Amino acid sequence: MSLALDIFSVLAISAGAFFFLAGTVGLLRFPDALTRLHALTKADNLGLGLVVLGLLPRADGALGALKLVVVWVLVLVAAGTVSQLIARVAQRVGPSP
Amino acid sequence: MPDPVAVSTPGGALLVWALILPAAGALLALALGGRHAERIVLVLMPVGLGLAVAVAAGVLRANAVLVYVVGGWAPPLGLALRADGLSAAMMITTAVVVCAVGLFARADFQTPQGSLEARAPLAFWTLLLGLWGALNAVLLGDDLFNLFVALELLTFAAVPLVCLDGRAETLSAALRYLLFALLGSMLYLLGTVLLYGAYGTLDIVLLSDRVRAEPAAWTAVTLMTVGLLAKTALFPLHLWLPPAHAGAPAPASAVLSALVVKGSFILVVRLWFDVMPGVPGHAAAQILAALGAAAIVFGSVLALRQARLKMLIAYSTVAQLGYLFLMFPLAAGPGVAPLGAWTGGLLQAISHAFAKAAMFMAAGLIAQALGHDRIAGLGGIGRVLPMTVFAFALGGLSLMGLPPSGGFVAKWLLLTAAIDSGQWWWALVIVAGGLLTGGYLFRVLTPALADTDGHLPAHAPVARYREAVVLGLALVSMVLGLLPLASFGLLQIGRLDMAAVP
Amino acid sequence: MTLAWAFDAILAATVLAVAAWTIVARETFAAVVGFVAYGLLLALVWVRLAAPDVALTEAAIGGGVTGVLLLGAAARLRGTAGVLVDERPGAAMRLVVGVLCGIVTAALAATVLLLPDPAPTLAPEAAANLTTTGVGNPITGVLMAFRALDTLLEKVVLVLALIGVWSLAPDRFWGGAPGPERRAQPDDALVFLARLLPPVGIVIGVYLLWVGADEPGGAFQGGALLAAMWLLAMMAGLATAPAVSERRLRLVLVAGPAVFLAIGLAGFALADAFLAYPEAYAKPLIIIIEVVKMLAVAATLGLLVMGPPERPPQR
Amino acid sequence: MSEVTLFGLGASALVGIGLYGFIIQPEPLRRLLAFNLLGSGVFLLFGVIARRGAAAGMGGDPIPQALVITGIIVAFAGSALAVALLLRLHQADRGGAAPGGDAPPAGGGDGDRT
């Protein structure tokens, strides 16, 4: 049973890492601010979600798992708000490189 | 051998009150605000002076240090407060100068009738109390990190005083002063962490037994000394002092020049003589004294070329600070001459505090009377404000080191110590410094006392009691010279590097 | 062991890289953004050094509140002519300074390597005396009992720094409130965040304070969190900045050090030494001090970030 | 070498970088940034020495760790005062808010009544 959990954790975390990588590549390659923002927020949030998913079985008890999920939700909320704020500023300032 | 466990001596509680009262006063002044701040300072001044005298009496009577273990936890775990002869003498100096500045500044920083509370008065009185508490904490602290917090308290009380009038020049002077002070205290902290890493304690008394001449100690003393020199504005690191001290309001620049720079100087003395006697070695002491000599020459020459009175006095501070550092090569090691050099150096610090405070406040009165402080326009002020100019001259005598002033005794002790120990070049520096000081003081006094055949410069009235306060301070600096030499034995009590002297 | 060592090596290299980048970056605003990232990485280093309390403080104050302070300054100064800017030093000067800093680094590194092997430590003494303070967390024990004078002086430092910041205001604004007039029209996304986050932040802050007695946490970390939440609410226009001359605000600011001082002076009578706690009541007294301290620290940190008063007092 | 020494060397490098940045940078805000780097380097040294002193069942010597917490807050107070001074200097320099405006005549503090 624990072997299956370990494999699951490894898979989830590596998938998360892949999405982080995708987000970073998006940040570097995309032309202007808005698309970069899009790539960054989406990919990183998903990446973090997968990493958290992978860590859940290894967390010490239900409380640890709950803390991990709360961390993920807070990051989601913060990332969403901040990206909207930056997007609004980017629109006002105009498509800077 | 087991570490000596510090235990509170009978008079110890006095140290706590000397530390806590000004700080509590500052908090109360902020909470009550308005006119109360000024009244709190008036109430605390005599109490603080009484405490300082009581501590000095306790040290003299016991002929040993007063110690207070805070919270009952003995060092190395807990903190102790320690008052030796040096800190007792400097506490009295601090109390007298702060009381004089407090009386002097009542006319400048009064809450105007109409408003409930004004910015400058509340800030001045609260910061003055904070500054007094910080100075007592620097003098009484016995733990290197506690001294770091006290130094920061001193910096945060002193910097806003520089730019109280909100002009662009004073704001940039205050910012430069703050950046220098922050860099200085961080270098000091860097040295502290190395000492803790190598010896496992930060208590001065315990460290003086454990520190040996090894790389960790040398690196630590170098970093801490450079940091403290930045805060004391010794020659290469003095750039921030003149604009800051000249731009500040008169009572603030008096406290800054007389006391605030002395706080970090006292820590250099503690570091070199108490924490690690003999570790920095003779060569390092020569370098420090060479910087002092350069400060004397460089500061005096620049003072000669200043157009404004307050800038001249500020550069004079840079020069006079140089004398303090001549003490390091002369006062190290056993023998009678070093004892004289130790007393001379500290007496120079004390008499300079009184003289410089009197001169800055005199300059403030002159600037208020004439509306400007250009030296060229000082013609005939001697007739308008006779007491003030006389006080300025007395302060100048003390800085020049002419008998019977306190400055003379200090420079005489340094001079004899230099000759007895064969380091004659420091004697030359002292004499040359005296001449240069004379130069820039007579540059001020000759126009001031010139006979302008009758017509006096247009001037605003100046309160008589303020002139009396300035004259009183200058006289105290003179009276120091008349005290019998034996009475300076207080300064020798509790020195950790002198096993012989208890 | 090598995996942990590799992780630490990468972490240290990243921290140094970000630090170097904030120095050499051309544009100030970018450098400050880099500094905020540096602050969070540093919190990770503190976790690796087995110092969770310090990691919390570094993240909350070193990375967070200092980051907000510097970001605010960088934003305001963006595009304005530099003031008090010394001339950019030439290559020779930079080389000399570089060599000087290299020597300092080498001396420090040598000293770190030559530190005595049975490292002198006060941990056993602290552990032995911890029981009498009634507090489980050794760092809270050191801050509140063994070196209580340091903590008391440090809170007076905070109050004096605030007086210094307030004293920079022009005279006609004295008595008014810090921070600019009511925001034009804060973004609804920010308002949403400012409605959602503070309750969570306050709960976590109070938890940090309460758990600080026995587990990593404490009043400073909780206070910093509360200050962050207060700043967020004010940025979103949900809360208004208090006037400088408001009596209640002054009492909250002074309450932190004042209560600490009062209990310390009571130590004279009850426990034969200043800042000593009577044996049985040590923990409750420390908790009282910490609660009042947290409120004072939250108010002081928030006001330090908002700066001197910028609005005339409302009569 | 153990990872603690690794962080010790990293902290020494941070101090060097911070000092270099403080002396070289012409702009005061960048100097303040370098000062914070220098400060974090010094505190990291405290942390390394605390970690080396781990004993009696504690992850590290609590004394230096407590000193770091006090140091971070004092460094923050310094940065806050410096930032307030810098912003006020910009205002005064631009002649925005009249410097000191109708300040009570603070004695003969400033020289020429220009």
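A, B, C and D label the chains in the order they appear, each numbered from 1.
By our rule, contacts are C-beta pairs under 8 Å (C-beta built on N, C-alpha and C of every residue); 3 or more make two chains touch, one makes a residue touch a chain.
Note that this is a predicted model, so its numbers are computed, not measured.
Student: Can you name the chains that touch subunit B as well as subunit D?
Tutor: C
Student: By C-alpha centroids, what is the most central chain here?
Tutor: D
Student: Which chain pair is joined by more contacting C-beta pairs, A-C or B-C?
Tutor: B-C
Student: Between subunit A and subunit B, what's the gap in Å when you average each chain's C-alpha atoms?
Tutor: Here the centre of subunit B sits 57 Å away from the centre of subunit A.
Student: Just the number, please: Cα centre separation of subunit A and subunit D in whole Å.
Tutor: About 33 Å separates the centre of subunit A from that of subunit D.
Student: List the centre-to-centre spacing of subunit A and subunit C in whole Å, with centres computed as mean CA coordinates.
Tutor: 28
Student: If a residue has to touch 2 or more other chains to count, which residues of subunit D qualify?
Tutor: 15, 28, 32, 45, 49, 52-53, 63, 67, 70, 74, 77-78, 81, 85-86, 88-89, 93, 99-101, 103-104
Student: Enumerate the residues of subunit B that touch no fewer than two other chains.
Tutor: 77, 118-120, 145, 149, 152, 156, 159-160, 163-164, 166, 171-172, 175, 190, 194, 197, 200
Student: For subunit C, write out the residues touching at least two other chains, lowest number first.
Tutor: Residues 83-84, 104, 108, 112, 115, 119-122, 126, 146-147, 150, 154, 157, 161, 164, 168-171 of subunit C touch two or more partner chains.
Student: Could you list each pair of chains that touch, in label order?
Tutor: Every pair of chains in contact is listed here: A-C, B-C, B-D, C-D.
Student: Going by the contact rule set out above, which residues of subunit B touch subunit C in the complex?
Tutor: Interface residues on the subunit B side: 8, 13, 16, 20, 23-24, 26-28, 30-31, 33, 68-73, 76-79, 116-120, 122-123, 126-127, 130, 133, 137, 145-146, 149-150, 152-153, 156-157, 159-160, 163-164, 166, 171-172, 175-176, 190, 194, 197-201, 215-216, 219-220, 223.
Student: Going by the contact rule set out above, which residues of subunit D touch subunit B in the complex?
Tutor: 15, 22, 28, 31-32, 35, 38-39, 42, 45-46, 49, 52-53, 63-64, 67, 70-71, 74-75, 77-78, 81-82, 85-86, 88-89, 92-93, 99-101, 103-113
Student: For the complex, give me every residue of subunit A touching subunit C.
Tutor: Contact set of subunit A toward subunit C: 74, 77-78, 80-81, 84-85, 88.
Student: Would you tell me which residues of subunit D are touching subunit C in their complex?
Tutor: Spelled out, the residues of subunit D in touch with subunit C are 3-21, 23-30, 32-34, 36-37, 40, 43-45, 47-63, 65-70, 72-74, 76-81, 83-90, 93-94, 97-104.
Student: Across the complex, what residues on subunit B touch subunit D?
Tutor: Subunit B reaches subunit D through residues 77, 105, 107-110, 112, 118-121, 145, 148-149, 152, 155-156, 159-160, 163-168, 170-172, 174-175, 178-179, 182-183, 186, 189-190, 193-194, 196-197, 200, 246-252, 308-310, 363-369, 371-374.
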